[in-house]
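The following blocks contain the structures, represented as structure tokens.
In what follows, chain A forms one complex with chain B and a second complex with chain C.
Up next is the complex of A and B:
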């Protein structure tokens, strides 16, 4: 049994079904991200856990107690919101003390706790500033400190980084992870940014159309997607249609040629599959290289350390993307004819309906 | 160059003409208030007014009614507008419609309706406190609009939920989070209400209460120069209220967003 459990939760807004039969359990101290595109139900699920939405069906349990009908103020959960949510009439320190004040905690204890948290989020010198005098990143750190001040049983983060610029996002997400590990608070983090989810979570829950598409460690989500939605949503992937020829040896037929795919072993001959290639597993060689698929470089994008190439396969067989260190991408310019290959165990195989 | 100068002169002349349109009657009223008959000018009207007990009574009554109207109006409207913005935004059109009704229904019809409608204890219906009922209605468009603008500038839902998530109940949310961030809107609503109540004549006159506006009218019928002095005084009160609205609006607390 988990520490924070959601069981059989369903929710509709009018005719729109937002969540259908969602169950999820978090261990104490775990950091779990809910990842999915807009409208997949991740924020609704978080708001049901927080108590801001009532599920049509299902239960929410925290530390062994059912809290489905408890109002948010009674749930002892800290929350950080996507929008800046600091109280404009209060300084950073007053914001942090607010939750303790309404709980009538002793003033000395309030001050001690606020100081502790200001140090934790590195804003001691800004304690007397009002929200409008703080940057976006600082405001979200104060909001985090305010959520932690009440020693929450769970911390809920609703896309807290999405309003920040790229550099601050990276800094703050690392800081959130550090603080979570220091405080060991059970955390649910909602995001639509896969990099964020993969980089700071113990487990990632990928959501799609109101259901959990896959739950697993970041490495499993990226490396072993359970279904085509997860494969497409998390990271870039080339999907090549293929068919298993020999399940014992792991041979598949790809565009009329037989290639080895270790992960096709054990599948029945004739099974229609997706042959999935992540960019980092694709090797680019000279045209006509042994065993490769020929193609033409159709696009090239420079990302600094890495350069991404889009290669159109010959005969209209679709395209493959690869990423390589920029210093190795020198002559691979659009129009160049190349061949793409991969290691036998690199392609992921998913059944094609 | 010449063309531009001409285009700047036109509006200036317009402004001066408009200024004169407003100022000439005021200056004339002011001059008349100092007239003591013949060629003599002095402060006699003002001195007489200062010694007139009825003035202070009517002024005190109007101020008291203004304060009561502000309190009753805000106690009703702050939670109502808060709730509408937070939970039932689909009722916004209805709120907007109701708020402008006092502009549509003439005061004379309102007062006739009120006298027919209200039957209550004599401490209420028999005293000037009764006027608070129509005054709240009269001030409704201004109070509602000020609160509505103030609340729309706040991200009410996020602030409310942030407060709830750390354990705040509705009273704490209202008095520690919402109201302090509405100070500009509340002051604006209060000052506009003062301006309205100080100048309201129809209700008080028909219901036979001697408010400031009724007293000005009475003095106007009996002592012309004193009436002119009083008119200036009432203008001054209204202007101070408006100046207050402008100044508090200027010093508005910056809400939301980042540095």
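Up next is the complex of A and C:
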């Protein structure tokens, strides 16, 4: 049994079905991200866990106790909102002490706890500032400290970084992970940014249209997508239509030729599949190289350390994207004719309807 | 890439800023100039003339009229005016704020909000003789409500109530003070973020905790300025109390009218001195407001 459990939760707003039969269990101390496109129901699920929305069906349990009907104030969960949730009339320190104050905790203890948290988030010298005197990143640190001050049984974060600029976002997400590991608080982190989810989570939950599409470690989500939605949403991928020819040997037919694909083993001959290639598994060689697919470089994007090439396959067979260290991309300019290849065990295989 | 863009962009931006700075001066003059002129013509000039009148006698400068402000009758008028304004502003503030809050609560019928705002905009300006007669017809000694209440055994006037008393005027003033409060406080209530309430709840706060530590402190500056507005609104009201009390309740604006129209005596200087006294009261009230506002709005200053 999990520590924080959501079971069979469904929720509609009027005619709009927002969540259908969602079940999820977190271990104590686990960091789980809810990842999905905007509108897929992440916030609604988080608000049901926090108690701000009541599910139409299903239950929420925390540490073995059902809390589905408990009001938010009784749940002892710390929540961090997207932005602008600090009380503007209180200093950073007063914000952090708020949860303790309304619990009528002794003033000395409040001060001690606030000090601990100000140190934890590195804002000691800003303790006396009002929210509007703090930067966006500092405000979110205070919000995090405020949520942690009550020693929450679970920490819930709803896109806490999405209003910040790129550099602060990366810094703060690493800090959130560090703080989570120090405090060992069970955490649900909502984001629509796959890089964010993959980089800081123990497990990632990919959501799609009110359902959980896949639940797994970041490596599994990226490397072994369960379905085409996850494959497309997490990381770039080339999808080539193919068909299994020999399930025992792992041979598939791709654009009229037989290629080996280790992961097609065990599938029935004749199964229509997607042959999926992640950019980093694609190798680029001279045109006509043995066993490769021929194509023409159609686009080139420089990302600093990496350069990405888009290769238009011959005969209108679609395109493949590759990412390679920039210093190896020298001659590969748009218009150049090349061939693409990959290791036998690189392609991911998904059933195609 | 970005360096080149900055290098190319910088001079352009500087150039533009320069243009704006120059045309900004002209634009400011075009838009603010007439306003300043207006203020000078219709606020500053009349005030100066008022002062001039208040301080000039037959033989030039005199303290006489301002000195006469300490007569018993005048002091009573000032006390009545201040009490009436303070009380009716408080009534308007409390009832108006609560009304605005309940109208805005989620789950209220759609359209109720705009209906109430529209009604308020009209009612806030419905003062003067028509309002006075409306109340005389309902709560006057022979008004329909008075008579009806008497028929079911509640004798308002027997119990000492008079429409032409401070209490009576507070009730009448509520008719325009409450709507005015609804109009001025609604934007401030709308500016209370849902996240603040939810964050408070999430941290374990009750509804009372939320209002005590978050909602009211955030609203306080708006409530204070609304109070000042309502105070001034009541303080300067003239036609309504004149029609209702016809001089029974001494109020400064009514006194001014008396000395200007020659009801009691004809003395523009006394009228000007009374008006000068009203200005002093408002200056004192606003000074007090500025002091308190500095305290309660501390957190909003850069």
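Observations on the model:
The rule we apply is simple: the second predicted complex is superposed on the first by the 353 of 353 C-alpha atoms of A that agree within 3 Å, B and C clash if a C-alpha of one lies under 4 Å from a C-alpha of the other, contacts with A are read in each partner's own complex, and residues count from 1 in each chain.
Basically, a contact is a pair of C-beta atoms (placed from the backbone, for glycine too) under 8 Å apart; a residue touches a chain by one contact, two chains touch by 3 or more.
The structure displayed is predicted, hence computed values, not measured ones.
Partners chain B and chain C, once the complexes are superposed on chain A, run into each other and clash.
In the superposition on chain A, A:85 makes contact with both chain B and chain C. Using the contact criterion defined above for the overlaid structures, shared-chain residue A:135 touches chain B, although it does not reach chain C. Of the two partner chains, neither chain B nor chain C is touched by A:110.
Looking at the shared chain after the overlay, A:322 reaches neither chain B nor chain C. Contact with both chain B and chain C is seen for A:99 once the two complexes are overlaid on the shared chain.
When both complexes are overlaid on chain A, the residue A:73 reaches chain B and chain C alike.
For the contact definition in use here, the residues of chain A common to its chain B contact set and its chain C contact set are 50, 52, 71-79, 81, 84-89, 98-99, 101-103, 132-133, 143, 146-147, 150. On the side of chain B, the complex with chain A involves touching residues 154-155, 158-159, 161-169, 172, 176-177, 180-181, 253-259. Every residue of chain A that touches chain B in the complex is listed here, in rising order: 50-52, 71-79, 81, 83-89, 98-99, 101-103, 131-136, 139, 143, 146-147, 149-150, 156, 163. Taken in their complex, chain C has these residues touching chain A: 193, 195-196, 198-206, 209, 213-214, 217-218, 299-300, 302.
Those residues of chain A whose C-beta lies close enough to touch chain C in the complex are 50, 52, 71-79, 81, 84-91, 98-99, 101-103, 130, 132-133, 143, 146-147, 150.
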